[in-house]
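What follows is chain A paired twice: with chain B in the first complex and chain C in the second.
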Partner chain A sequence: MIRVAFLKLTSCSGCLNQSLVALLSNEELLGKFEFAYFTELGLLTEDYFDILFVEGSVSNSKQEKELREFRKKSKTLVALGTCAVQGGIQSLRSGEDVEEVKKTVYPFPDKIDIYSDPKPISDVVKVDFAITGCPINGDAVVNFLRKYDVGGLPLILPESVCCECKRNGLTCVMVAQGTPCLGPVTVSGCGALCPSFQRGCYGCYGLRTWDLDKTRLEKFFDKLLKLGAPESMIQVIARGYGYRSYKYVRRG
Partner chain B sequence: MINVSIRTDLYYVGNIYDLDKLIRILRETYGRRLQGYKYYGGKVTWGEINGISDLPLSVEDYVEPGLYRLREGYRFRHSSVSPKLFLLPSKQIYIVESNDFSQAKVLDYNVSIQYVLFGIKPCDLNAINVLDRMIGEKNPVYAHRRRSISAIIVEECLEPNNNCFCGVMNSGPFVEKDFDIAYARLDDKRVIFKYGSSFGRDVLSKLELRIAGEKEVYEYLEKTKLARERTSAVFKKSMKEIQESLMNKARDKELWLKISENCVGCGNCNFVCPTCFCLEFDYSINGEDQGVKIANWTGCLLYSYGQVAGGHFRPELYTRYRHFILHKFVFYPRQIERLGCVGCGRCITWCPMSIDLRECVNNAISG
Partner chain C sequence: MSHLRTQPLVRVEGEGEIAVVVDGNNRVIDVEYHITEAPRFFEYIVRNKHFTIVPDLVSRICGLCGSSYELGAARAFEVGFEINVPEKIEKYRVMIHLAERIKSHVLHIGFLNLPDLIGTRTFMDLEKRNPEIFRIIINLVKTSEFLMKSLGGRIHNVVPIQVGGVSKLISREEAVKLGKLMRDVLAPSLEKFADFILSLETYPDEKQELVLCTVLEEGYPHMSTMIECNDTRMPAYEFYEKTVEVIQRDNKTALLYKLNGRPYVVGPIARFNKNRDKLHPMTIDLLRQYGWNRKLNNVFQGAVARIAETHDAMIRILEFLENYESISTSGVLKPVTGSEMNLCVNAIEAPRGILYHRYTVDKYGLITEANLVTPTAQNIAALEEIGKHMVLNEVLNENILDTLRKVAVAFDPCISCSVHSMRVKIVKKY
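Let's look at the complex of A and B:
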């Protein structure tokens, strides 16, 4: 039996729910894997794990310590979702003074343990495999477990969302409707969910960074602004979902 | 000023309801199934044509680089789909095998149904010709689907759109060979027909059309000539000079960096291109303990395209963009003795960054 654990840090549990739904609809998997640690199911055995899925970003010292301990107990660590991989939505607060906020909200701000910049888990521990998405596509977890079971890992072919759009025969929302869409610069994996409902992609899988430089990205953002995208949309991709990657994007 | 040497007996004139008759004859008398541009839900997609209501007869596409709008009119030219969608589907399942490799099933794409491609454009016809030479029998899915096509009916463009440059690529806007029936819409009602094979002649004779008058043929030829001229004045040099110039400048990094400066590598141009054929194999395991081998569309603009075991042969975006242009204009002629670009302009229309291929080629040869 392969022992599997799900650890939750700062996050919304969306990825956990997606994994859970996907696992429950593939019952043959449940016989091969033993779920040792999964707080949502009340499973709390902490000895050792073959696979540790981590959802969420690291927001305070307590979480950092917990994550380090779990890493020591596990063979393979999989970052689950954009929060774990890149920082996620909470990264929107990056660069702002969290001490000020604490003072205005809480009577004893010293008791609140929180970092001003949330950390992706790769800042704290070694990550073996990453599944992006906000929330993730449950099939990705199932696919990972199946391939792990036969002794391999999924092959990741990072592409733009446009590829999935075109393969599914969807009409481009940006070109044909003028809807601002982040698909061209976003990592694929969702199956072009938003464009199939005539919405623009909002980049929840994170920026494609390996071949884009800042100049090209700025040009793309200019194009979005011309189409009437609000400045906040750019902020979300550049500081929220894509904060980490945007920071490390190569200069053009 | 009517040219007396025009042979009017090759042309027939009817109205748009004769298209309905044509569809019905092909379906009922000949038992064929029709595939073509289908107007459905306010969009033009690819699909099965069952009657005149499936045809995009009352819409027109307005295009600019990076812009596409459907509006009322009668001159439909393109949408993002092409016959590639039928001949080389975006996801092709090849092999289904059991987890212990004891059983394997190769999927059979041999179809006994006879299809007719209805209302494809001259550039699409040329794109099929390119794919025939490039893939031919090498891909079982393509080979079987190509064999199932028994006839091709082409709609000629008398008013090409802004992004069309088929004239200069010698692939439109009219057809001369490799078709069965070709028709063009003189205006919103009148349609002029011609045949290109004995099958086409037989079908047309069943339509009971009247033979075209000299005036109509003259009008048709005049409009085709204008359309050809409009789509020909694109490049500053002749095709031979373009090819030489592109090859001479292939190693100029600064130039190609400049040309590809707006590209974000999304791969839209690859997917809408009617002659792009690259596939990528993916292996997945599904619930019944089966492994499935699937071929997916991929494109040379994508980062994953150059990824191989042990490294990457085109990690920088400008090299991939350069390859896209060089392949279409220089390498295809070496491989299959004809240009890989048919001038349909889809890559210009569907580029989210409004990159104009014509401009890029012009910049490359003059810069």
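Let's look at the complex of A and C:
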């Protein structure tokens, strides 16, 4: 049996639930993979793991320590979801004064132990594979486990949500209806969900970086604003879901 | 001399800890349930964001009840800006919400609660002990997943719900197909599962005096701007902003909520005990067959309320799908010309209880302030009181920790909902 662990950091448990449902729906996998550590199921064996899935970003020293310890016990580490891969939606507070942030929520803000910016897990440990999404597509986890079982890893196609729209035969919501859509700059994997529901993508799989540069990205954002997108839509990808990539793209 | 002993809280959503304080004779003198979840400051990050994108943002608060957040927020803005959602479209959104209730309850009973009821360590042990129920649970999870995906695109962070309506509805053909699948697959599995859960004789029966709060509605509680607490009724705004006390304990990220100094309970048991006569007649029949058409005595019987709600939701969705008419959705969003400061308030019954939203929006449509109160945050005080009452003055042993853990699981705390209220009255505990 291949031993699998699921570790949760700062996150919503959504990717864990998605993985759990996907795994339980594939009986042939249940015969090959064994859940060793999964607090939601009450499983707490901590000796060693073949695969460690990590959900969530790192937002305090306690989590950082826990993550390092789990990494030592694991052969392969998979970052699960946009939070683990890029920092996630909670990155929207990055760059702000953390003391101010705490004050908006807590009567005693100084008691709260929290980093000023949430970190993607690759800031702390070596990551072997990344599955992005908010939430991840359960099929991606199943795909990963099947490939792992035969000794390989899934191939990653560097493409945008647009490619999925084309493959699914969907009419472009931006071209045909003038609906602002982040699909062209967003990592694929969801199956073009939002356009299939007649709305624009809002970037929850994170910003694509392979072939974007600062000028082209800014031109694209300008276009969205002209189509009537609220400024917040751009903030959600540039400072939220795609925070790390955006910082990287802006440098180059 | 006192010392503190903690153990991780398992079989709950998110991360928490139970702290038991004992005296020199090892007797329990205090119990605290801690949420160790790191906060994500949603009330801060929605600030300065346009209200139209807020439902998608707040749905990320919870990986299990995201649609409650989405719909709750969308409705808050619709109330605040007087946007009318056509009745049929509203009904579609309610169905997504009911589908989520099925998904969440099935996951809770099956994966988290059932091991306590039948005395196994985890859900996975069930595979050998009762393979039939194991398969049924998996089957229910799969079908509820399919239902969520068909209506909302994915299991959580559903796609179509937007301020003003939905972006797209399924077609009549899709609805009929889905209805058939539910009748053929979901309904029989759920019947067997209900039979199993309602026939269990392992529920403790001692009476607990609970203050029960729900949203106030004509039908079974769903969504409203009014709250009912035991027999007192008041607007949600008054209840959450002026009446309940908010307490932050030392070094803790979770806030506690109390009403007149007392804990109160939200969620399935509150909805069931106050409104079970409003469940679908077929559900009431089902309960009658097993002798459960009565008030539940304590939180450990919560699985009964969850089964009843799951059954009720399934029948309502079936009826909806089998009588489905396609509706055009063109132009759900209206441009908003709000006043200087708009107050947008709503309360929705998430699977675990009342979820309160309050947003203040400026004339540009940007959020200036938000207050979100989650069901679990409201239940923590009650959870603690009940747990403490059960073990106080007993000598510490493994059974005590086990009891305290069972109390937590019975409440189904979803501590991933790491948003917290930002106001107001501070009560010193010590």
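Quick note on the criterion: the second predicted complex is superposed on the first by the 240 of 252 C-alpha atoms of A that agree within 3 Å, B and C clash if a C-alpha of one lies under 4 Å from a C-alpha of the other, contacts with A are read in each partner's own complex, and residues count from 1 in each chain.
Rule of thumb we're sticking to: contacts are C-beta pairs under 8 Å (C-beta built on N, C-alpha and C of every residue); 3 or more make two chains touch, one makes a residue touch a chain.
As the structure is a prediction and not an experimental result, all values here were calculated from the model.
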Clash-or-fit label for the pair chain B, chain C on chain A: fit
Touching partner for A:21 - first (chain B), second (chain C), both, neither: second
Comparing the two partners chain B and chain C, which touches a greater set of residues in chain A: C
First, second, both or neither for A:111, with chain B first and chain C second: second
First, second, both or neither for A:181, with chain B first and chain C second: first
Touching partner for A:212 - first (chain B), second (chain C), both, neither: first
First, second, both or neither for A:101, with chain B first and chain C second: second
Which superposed partner A:150 touches (first chain B, second chain C, both, neither): first
First (chain B), second (chain C), both or neither touched by A:84: neither
Which superposed partner A:9 touches (first chain B, second chain C, both, neither): second
Where the C-alpha centre of chain A sits as vertex, the angle toward chain B and chain C in the overlay (nearest 10 degrees): 110
Distance in angstrom between the closest Cα atoms of chain C and chain B, superposition on A: 10
Set intersection of chain A contacts, chain C complex versus chain B complex: none
Complex contact set, residues of chain C against chain A: 8-15, 37-41, 43-45, 47-50, 52-53, 56-57, 60-64, 66, 107, 111-112, 115, 121-124, 138, 141-142, 145, 153-157, 159-160, 162, 167-168, 246, 248, 250-253, 255, 329, 365-366, 414, 416, 418-422, 426
In the complex with chain B, residue positions of chain A that touch it: 26, 28, 143, 146-147, 150, 155, 157-160, 162-163, 166-169, 171-172, 174-176, 178, 181, 183-185, 208, 210-212, 215-217, 219-220, 223
Contact set on chain A toward chain C in their complex: 8-18, 20-21, 24-25, 35, 39-44, 59-60, 63, 88-90, 92-93, 96, 101-102, 104-108, 111-112, 114, 134-135, 138, 190, 193-194, 196-199, 202, 204, 230-233, 235-236, 240
Chain A contact footprint on chain B (complex, rising order): 43, 45-46, 66-70, 79-81, 85, 90-91, 99, 261-268, 271-272, 280, 282-285, 287, 289, 296-299, 302-304, 307, 315-317, 349-354
